[in-house]
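The same chain A turns up in both complexes below, where it pairs with chain B and then with chain C.
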Partner chain A sequence: MNMTFELSYEGKKRLVIGGVLAAIAAWIAVDAMAGGAEHWGRVFVRLPLLLTGQGDGWPITGGFALNILLSIASMAVATVLGTLLGISTLAQSPYLRLPAFFIMNFLRNSPWLVLLFAMLFILPFQVEVFGLRIPFPPFVKAVIGLALPTAANLSEVVRGAVQSIHSGQWEAARALGYTTPQIYRHVILPQALRRMIPGWMNLYALLTIATALATVTGIQDVLTILNTSLAMESERVLVYFYLTTLFLFFAYCYPIAIFARRLERAVKGDNI
Partner chain B sequence: MFGLDYSWLADPAYQNWLVTGVINTLELAALSSSVAILIGMLGALGLSLRVFWLDALIEFFVEVFRNTPPLLQMLFAYFTLSTLGLKTTDPVTGLEVPLLSAFACACISLSLFGGALAIEAFRSGLETMPKAITEAGRSLGYSRWARFWRIEVPIASRVCLPSLTNILTNLFKTTSQASVITVPELMYYAGQIYNDTFRTLEVMILILIIYVVLVSILSYGMSRLEAYLTLPGYGKGQ
Partner chain C sequence: MKRSEALIEIDNIHKSFGDFEVLKGISLSVNEGEAVCIIGPSGSGKSTVLRCINGLLPIDEGYIRVGNHRVHELRSEKEMRPLRHQVSMVFQQYNLFPHKTALENIMMAPIQVLGHERAEVEDRARKLLEKVRLGNKADAYPGMLSGGQQQRVAIARALAMQPEIILFDEVTAALDPETVKEVLLTIRELVDDGLTCILVTHEMKFAREVADRVCFTDHGLIVENAPPADLFDNPQDPRTREFLGQVL
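And then the complex of A and B:
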């Protein structure tokens, strides 16, 4: 080849992906000139509604912002539950280990949508604890329904990370007189945390994608709003609205996935 | 038991719905899994050729399908493919009808979603292949295709069986979302039954258990397959 500069393989790949994106942009531009601009206009008018649940964009009551809020709340619950479940599956006592295994496998093998639906009916409208009334609105049910399968998947990640810690760490801590909870708290978990982060982030991206299912609980998430606003639009505009919503999820999840993969590569080689 | 009322299960009509639902779910899962595995193999082969434009296109496909909700993909396929021109004229009524049924739309979008996941799995399987093995194949005069089919696939497929199990169970679970676009599978009939009987809690618990049992059978079968196919030195045989 007599080129003055040589692109690397990755560089060429990036060029092609850039080309694909340019082709998509060109297609959108051509379509816009052929009448699509009007449709995009409709999408643009409804964009604040899709993002925040309000036509004016404020206050935030739903839309994609609610999906993100839901994903963060579910992940927080799932992190606590998943860590406890993961450690329980490693317990010495079979009375703790076997039920933990059963729960983990049950939750891992149940479809997210079905579990969410089941939670919708299993969880009461409100619970009374010591005279304190805790209401369970659909949002809370969605948080729990999505957190359960995530926790089960996270427990696998926790399990793997804890098992990857060298047994010498355990023996050294035992020799120093630490109790099991103390060993987890001060020795094992701080080290396992580093190895858990890529898996945790992957799971978060997966959970965010799954928040689309929360529309079945009736909360005003982006899909519910999409469906209600589509009822007022013509059939042709459908395509533009769906593409926009797909892009919203992609724009949020793709950077997380990329970052997780980078971390994974960084963590891969280290041996403690 | 626990105040749950399962008397409706005695009704043959509901039994029929449940059986039909399970059969349709199995059909949808089997069809989309096979296509997904095929897409995964072709995609991984494409990636292993190290042709930069093919590599870029496959990566683009994988990232798009991995990072968007399968539910939305299915809705997109169901509601917009006919708007985009995939429709025919019904010879009887003369009306325009979508070319693809809900089942076909679900099958296509699930296959693509599963395929994107499978490409990743097969790729990482091929990547763990020790270079010495392919080099040995090359020095024995194997062509690129023969090397791929006779050496790389048999080893890589064993290495990536655990992640393939994950993908297939994931895909099986995702078929429940096809109920949203009115594919008459198990989850869809669950809705039909509780709309009829108002026994929402009982129906959902039963459906959840049926799904868990089906998925458990699938993952048990896959683990048996894994054990059966073990090669000493690779995957579980290590």
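And then the complex of A and C:
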């Protein structure tokens, strides 16, 4: 009897992924028996510190939670800036379009780490507006430093999405008496938004990964904690701490990337 | 300042796209309540004329007056607003807003552009949907409607602006033959109601039945401008005769 198993592409993919996961699990098991278990135990005890910046896990003052907070704050700022920048690069008036184009390209081609360092020195310690003192703590500097390059990259996503809206929509809206800002608000952006979501999510995953760079501003993010509070741990144990930190980023960002890819497929070729 | 009593007056307009001169001195006047059809081979500038009338395309040279608006002198979208109120347009590709329902498509501009009362606009919009025989499709999104239904919603949307003039740009060109009929029926009713209409069309039979006047354009000029009976049965210009010979 001839027994062959025909595997589909999906089936093969699942088999390979399963194999890799099994290999990793096997390595961890072998390593654990060879003394790794003790190191993992150490990581487990210090995990609250890694996650929240406090040994007890409460109150949250830093750690990986701060990276998440930083990514959310930066993304919020970047979304507003990036949308304005993206629309500006499409403006009719060259006085708006050319500076926007220059800013976008400058920021897109700047190393994120250099931008973060630059913000430390460019942004003042605090600003006074109408007698109101607004402080710029390191966290705010980190938010701005990360938001700038993200905004520049997002502006390209916005530009692409806006340009992908059929020109007939502009014509119809103009024929109905809408002004350009109104057309963006009521007709173009509501449609472009859907097409932006996958790109926006991809950027967010990238930004979250880049929040580790913010350690240079001195905030108590997960990397700062690794380098300071945990510096007394033995070198051997630190390997396990770094592996854990890498896994934290992976566990947070990978589902976002997967979800974005799925949305991308769903949005492709749809009319809305 | 009016040069004549016509509602729309176009005098010697020129328009180029890059090196290509689309309009080479078109002149046309349209009286109130008149239905004028523009026919001619593709690329002869028919649609461009319509877009110049409501200011979607700026002209290079010439004079356009619609009612009291001197269109060639309007510069910004804001200045265009009263003109756009007076002149509506219906497009070949419908251009409905796909993220809004049929009813919302009709209600948007009167509320957001003209600042009319929502309740009053909704009432008007529902009546218009009845008028184009789509009263039961108020909550449907454009993607759920057939081409002919979308085009009738687009006509209702144009009417909701309470215009004096409607421009129809090859509104049946993208439709299936069966649905063409329902759209043409709707347009015919508007013409019968006395609305001033300018129609760019390839439907010669419809042009003959509905139009008060038919213009034949070729290479950026109006070659012949006559009542339909004269133009179709007794064309004067050899180019008109050749074109009609091909399409009829």
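Convention: the second predicted complex is superposed on the first by the 261 of 272 C-alpha atoms of A that agree within 3 Å, B and C clash if a C-alpha of one lies under 4 Å from a C-alpha of the other, contacts with A are read in each partner's own complex, and residues count from 1 in each chain.
What we mean here is this: a contact is a pair of C-beta atoms (placed from the backbone, for glycine too) under 8 Å apart; a residue touches a chain by one contact, two chains touch by 3 or more.
Bear in mind that the values here come from a model prediction, so they are computed numbers and not experimental data.
In this overlay on chain A, chain B fits alongside chain C without clashing. In the superposition on chain A, A:I209 contacts chain B only, with no contact to chain C. The larger set of touched chain A residues comes from B, when the choice is between chain B and chain C. In the superposition on chain A, contact of A:A172 is made with chain C only, not with chain B. Shared-chain residue A:A151: touches no atom of chain B or chain C.
Of the two partner chains placed by the overlay, neither chain B nor chain C lies in contact with A:L81. Seen from the Cα centre of chain A, chain B and chain C lie 100° apart once the structures are superposed, a value rounded to the nearest 10. Of the two partner chains, neither chain B nor chain C is touched by A:V162. Once chain A of one complex is fitted onto chain A of the other, the partner contacts of A:Q191 are limited to chain C, with no touch recorded for chain B. Of the two partner chains, chain C is the only one that A:Q182 touches; chain B does not reach it. Here chain B and chain C sit at a least CA-CA distance of 21 Å once the structures share a frame through chain A.
Interface of chain A with chain C (complex): residues 166, 168-169, 171-180, 182, 186-187, 190-191, 271-272. In the complex of the two chains, the chain C residues touching chain A come out as 54, 56, 77-78, 80-81, 84-85, 88-89, 91, 93, 95-99, 108-109, 112-114, 143, 157, 161. Taken together, the chain B residues at the contact with chain A in this complex read 50, 52-53, 55-57, 59-60, 63-64, 66-73, 75-76, 79-80, 83-84, 169, 172-177, 179-180, 187, 190, 200-201, 204-205, 207-208, 211-212, 215-216, 219. Residue ranges on chain A touching chain B, taken from their complex, read 9, 12-17, 20, 105-106, 109-115, 117-118, 120-122, 205, 209-213, 216, 223, 235-236, 238-239, 242-243, 245-246, 249-250, 253-254, 257.
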